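You will see chain A twice below: alongside chain B first, and alongside chain C after that.
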Partner chain A sequence: MRVLAWAYLLAMFGFILLPVVVLIVFSFQDSRLPVPPFDGPTLRWYAEIIADRALMEALMNSLLVALISSAVALVLGFLAASGLARVLLPGSALIRGVLIAPMTVSYLIIALGLLQMFNAVGLRPSLVATGIGHVVINLPLCFAIIYASMGEHQKNAMRAARDLGAAEWQVLWHVSAPMLLPSLAAAFFLAFTFSWDEFIIAFLLTRFDVTLPVEIWSMLRSGLSPATNAVGSIVFLVSVAIVLVLELTLFRRRGA
Partner chain B sequence: MTADVSLQGIEHRFAGFTALHRVDLKIAAGEFVVLLGPSGCGKTTLLSIIGGFLTPSEGQVLIGARDMTQVPPKDRPTTTMFQDYALFPHMSLRDNVGFGLRMRGAGRAVRNDKADAMLEMVGLAAQAGRRPHELSGGQRQRVALARALAVEPDVLLLDEPLGALDLKLRRQMQDELKAIQRRVGTAFVHVTHDQEEAMAIADRIVVMNQGRVEQAGSPEDVYLRPATLFSAGFMGEMNRIPATPDGDGVTTPLGHLPLPPQRGTLCLRPENVGLRGDLRLGPARMIEASFFGAHHRCHFAPLAAPDMILTANLPQGAVPERGAEVQLFATDPVILSETAQ
Partner chain C sequence: MSIEARERRQGAALVAPALIWVLIFFIIPFAGMALMSLAHLDGREVVQSFDLSNFAKIFTDPSLRKGIWVSLQITALVTAISVLLAWPLAWIIATRVPARWQRLALLIAVLPFWTSYVVRSYSWALVLGENGVIMKTLTGIGLLAEPVQIMATRAATVTGFVHFFTMLLTLTIYSNLIQLSPNYARAAQDLGASRLQVIRLVILPLTLPGIMTGAFLTFVLCIGDYITPQILGGNNELTLPQLIMLQLGRRGDYPMASALSLVLMAIVTLAYAATSRWLRMDRL
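Right after this comes the complex of A and B.
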């Protein structure tokens, strides 16, 4: 029984991780195609992509879009959650629902909607447009995480701060934000990884300056190469690093 | 540094339910007032209205003769000590206590001095650098008190602050609250549903029921001379005997008693029923007795009304045999009519 359980666990991990392992292994492939047999390790593909100006620019663009759009989504989500926690409006449940609703809509639909809307207002496809798109998908996420972590305790502390003479911005800055720090960080890093990995919206809403997933897509169109594997490995590494940081700092402390 | 509070015709309605019915109440500067009543009587609503967390549907809140009805909590000369203390978990005790002064623009040195002085007053000076989670419940309580008093409010509002403490600690905190109130001279408005706590700390008790003030008076007044049946019953155990006027006295199931003629309920506290006193209740048979430490709690069946049970608290050692027939007497009788206001 025990052996079976371990076998199941291994099979599951294999299923989840094998594609990534294959990707990483063939990024070290010492021949022109990332397919078996494995021809021995080399770092030349990594050297090649680091020397690739367009690719590095796309990487910087991605970092920039992810940082700014996550920060904006975080601030807006925090303000929305604080507002809804403070007052009990007749439509509170509806407002919450509408705020979270975009999470259920596919990125493709959101991207199409944004594309048409930006056309109408004359905003050209660009990194700014993509950033706005990422705020649209990450705001509901940030709101949901922050709102869920606001308990009675939090609300009472906010009341106490007001009672002691704090203006609304002081309540948010001195009391709410520090008390919610773990959830704020969790929301920010999740939003960051979602934006970092996001393809469809970026694909439809960028033109000349593109984000990394879009650049990888155009590399793929000229055929498979271990270089794409190398880029993919770097993207994966960044995501893993963020998740690890989260796991080690925030969630461990909360568990203790 | 303290002002009187005047509540005029306060009415408050929540959706489909009236929590307060035209309440009028004056709180003198420096007074320790306790709002006492069962849950749902409107006492916490009234406190929230004084603190500015609720705006009454009708009526006015005056603090120091200024109309505060529409003023938000942050601009009122009131502070609140919350039921769950609501300390800021990410700040040291010193920063917690200094928070109000910081919001008023005081510099670090000024507010730290004041915070240390306040912590000194509540006996936590040595822990000023700690965080709230390192403290016991009673200590958090003291920090909450120090924080609320640090801004020198005209009125301190206390929302059932002792509810979460065990009995022994609660007694101790009651004494401390009263001592600190005397020292700082700020008016305290304290909400509780515990009548012993109310009597222990109040200068004046305001008994509330179903959104109305039943009685307001000193603890002695409210306990010994209750104005209504509700207030009599809420302040402690009571024997209730129906009475109807008859000539120069009243008729009761126990017989004719020489009391002011009035229709209503004769109320006798168990400790005011015994083997001697001013008012003769007649012969009764002892049914049951149990020892409570400070007194014996005894049940008597009057011979004139064998179905009625009178409860009497008799002094230690002065207990008749079970089944014995004795003459019962009473002191401090009060007759309250059903509609007494």
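Right after this comes the complex of A and C.
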């Protein structure tokens, strides 16, 4: 039983890590095809992608869209959560439902709806359009995370600040935000990684300036190449770095 | 103005920006899509009409009907395999791995979760290809005389999906398992249950919320995904999202794409209704 359990664990780890290991190993492949036998190591593909203007532009676009759309989603989600936690508004449950609703709909459908609306009002596909879509998918996430972390303690502190004469923005900025910092950061980074990795909305809502996943998608059309492995490996390392930072700083406090 | 009325007004003012955003960029486009699904294509022009002919066509046209069927089959298969693979993994991590190593084990178990979605599918294309690691190994050690084609088949799509969703389900089931008091298992053992009986009759039913939450997420994300079937499955058999993209690309048939999207949403809503009594989204 014991041996079986460990064997299963190892087998599953093998299955789970296999594609990532293959991806990274063959990014150092010397010949033109990222398949066995391995004949590296070489860094030429990394040099090639760093010199690739279109790819680097897509990378910057992705960072920009992810940064701005996550910030907007975070602010909107934070304000809405503060408002709903503050007083019992008529129809609170309905409002919460509406704010969460986009989470239950496929990205493809959100993208299609926005594409049709932007077409109707004559807005061309662009990074801005993509950013708008990313706020739509990340707002429910930010709202839910922040709202869930607002307890009685939080509400009492806000009330006390208000009773002592603080203006609403002062309450939010000096009391709420610092108290909620861990969940604000968690919401922001999660939203950031979702936006950074998002494909279908960006694919339908961009045309000339594209984001990184869309650029990688067009690299795939020309078949397998160690250059694609190299891009994939870099994206992977960036995401893992973000997750590790989160793990070591924010989530450690929960004592888990 | 009373304090209460003022508080309420300020609260509403804080909620308003988010609500307006969702209204303009989610609800209105969605209503537009519903309207569009009732329109039809005349040449390349969209003509607004108010009939259900697109929906009628979805259920009579063999290729469209097949797309829905293929999607349902793949999704059901993926959900079942992923649950079967993830449950023992989550259980081993939660009960066999020493407590101080559990977080690390879990981190490894979901590491590729954080790779780019497009890149992950591409990685499986590398692994499963005719010259890929698996075929080279199998033919190399003489288990196979000739490479077998996996790429551009349903097996490739399912493998890519199962990989992703096993990680997701491991997370939801694990977080369910560690919330269970060890007393349940002890009590059952004291009452004479064998080890397997404890798992089957006590632990397994108690993890139903974790299983169902993960299975629902798997179902929703899997049936709505375009990337994995497109990269790994190719164009031999098309899933619902692939059909939607095809309508857009080939002839700009927005009405049909909208109608198919609504069918996709209806399927997801049914799945939600079927599993909702077990779902514990807030506990994730």
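The rule is short, and it goes like this: the second predicted complex is superposed on the first by the 255 of 256 C-alpha atoms of A that agree within 3 Å, B and C clash if a C-alpha of one lies under 4 Å from a C-alpha of the other, contacts with A are read in each partner's own complex, and residues count from 1 in each chain.
By our rule, a residue touches a chain if its C-beta (ideal position, glycine included) is under 8 Å from a C-beta of that chain, and two chains touch if they have at least 3 such contacts.
Just so we're clear, the structure is a prediction, and the values are computed from it rather than from any experiment.
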| item | value |
| --- | --- |
| Contacts of A:D163 with chain B and chain C, given as first, second, both or neither | first |
| Touching partner for A:V175 - first (chain B), second (chain C), both, neither | first |
| First, second, both or neither for A:H153, with chain B first and chain C second | first |
| Touching partner for A:P19 - first (chain B), second (chain C), both, neither | second |
| Partner touching more residues of chain A, whether chain B or chain C | C |
| Where chain A meets both chain C and chain B, residue numbers | none |
| Interfacial residue positions of chain B with respect to chain A in the complex | 51, 53, 72-75, 78-80, 82, 84, 86-90, 99-100, 102-104, 147-148, 151 |
| Touch list for chain C against partner chain A, complex | 4, 7-8, 10-19, 21-22, 25-30, 32-33, 36, 85, 88-89, 92-93, 96-97, 103, 105, 107-112, 114-120, 122-127, 129, 131-133, 136, 163, 166-167, 195, 220, 223-224, 226-227, 231, 241, 244-245, 248, 254, 257-258, 261, 264-265, 268, 272, 282 |
| Interfacial residue positions of chain A with respect to chain B in the complex | 152-153, 156-157, 159-167, 170, 174-175, 178-179, 181 |
| Complex interface listing, chain A residues touching chain C | 1-2, 5-6, 8-9, 12-13, 15-20, 22-23, 26, 33-37, 76-77, 79-80, 82-84, 86-87, 89, 95, 98-99, 101-102, 104-110, 112-114, 116-117, 120, 132-133, 135-136, 139, 143, 148, 168, 193, 197, 199-200, 204, 212-213, 216-217, 220, 224, 228-229, 231-232, 235-236, 239-240, 242-243, 247, 256 |
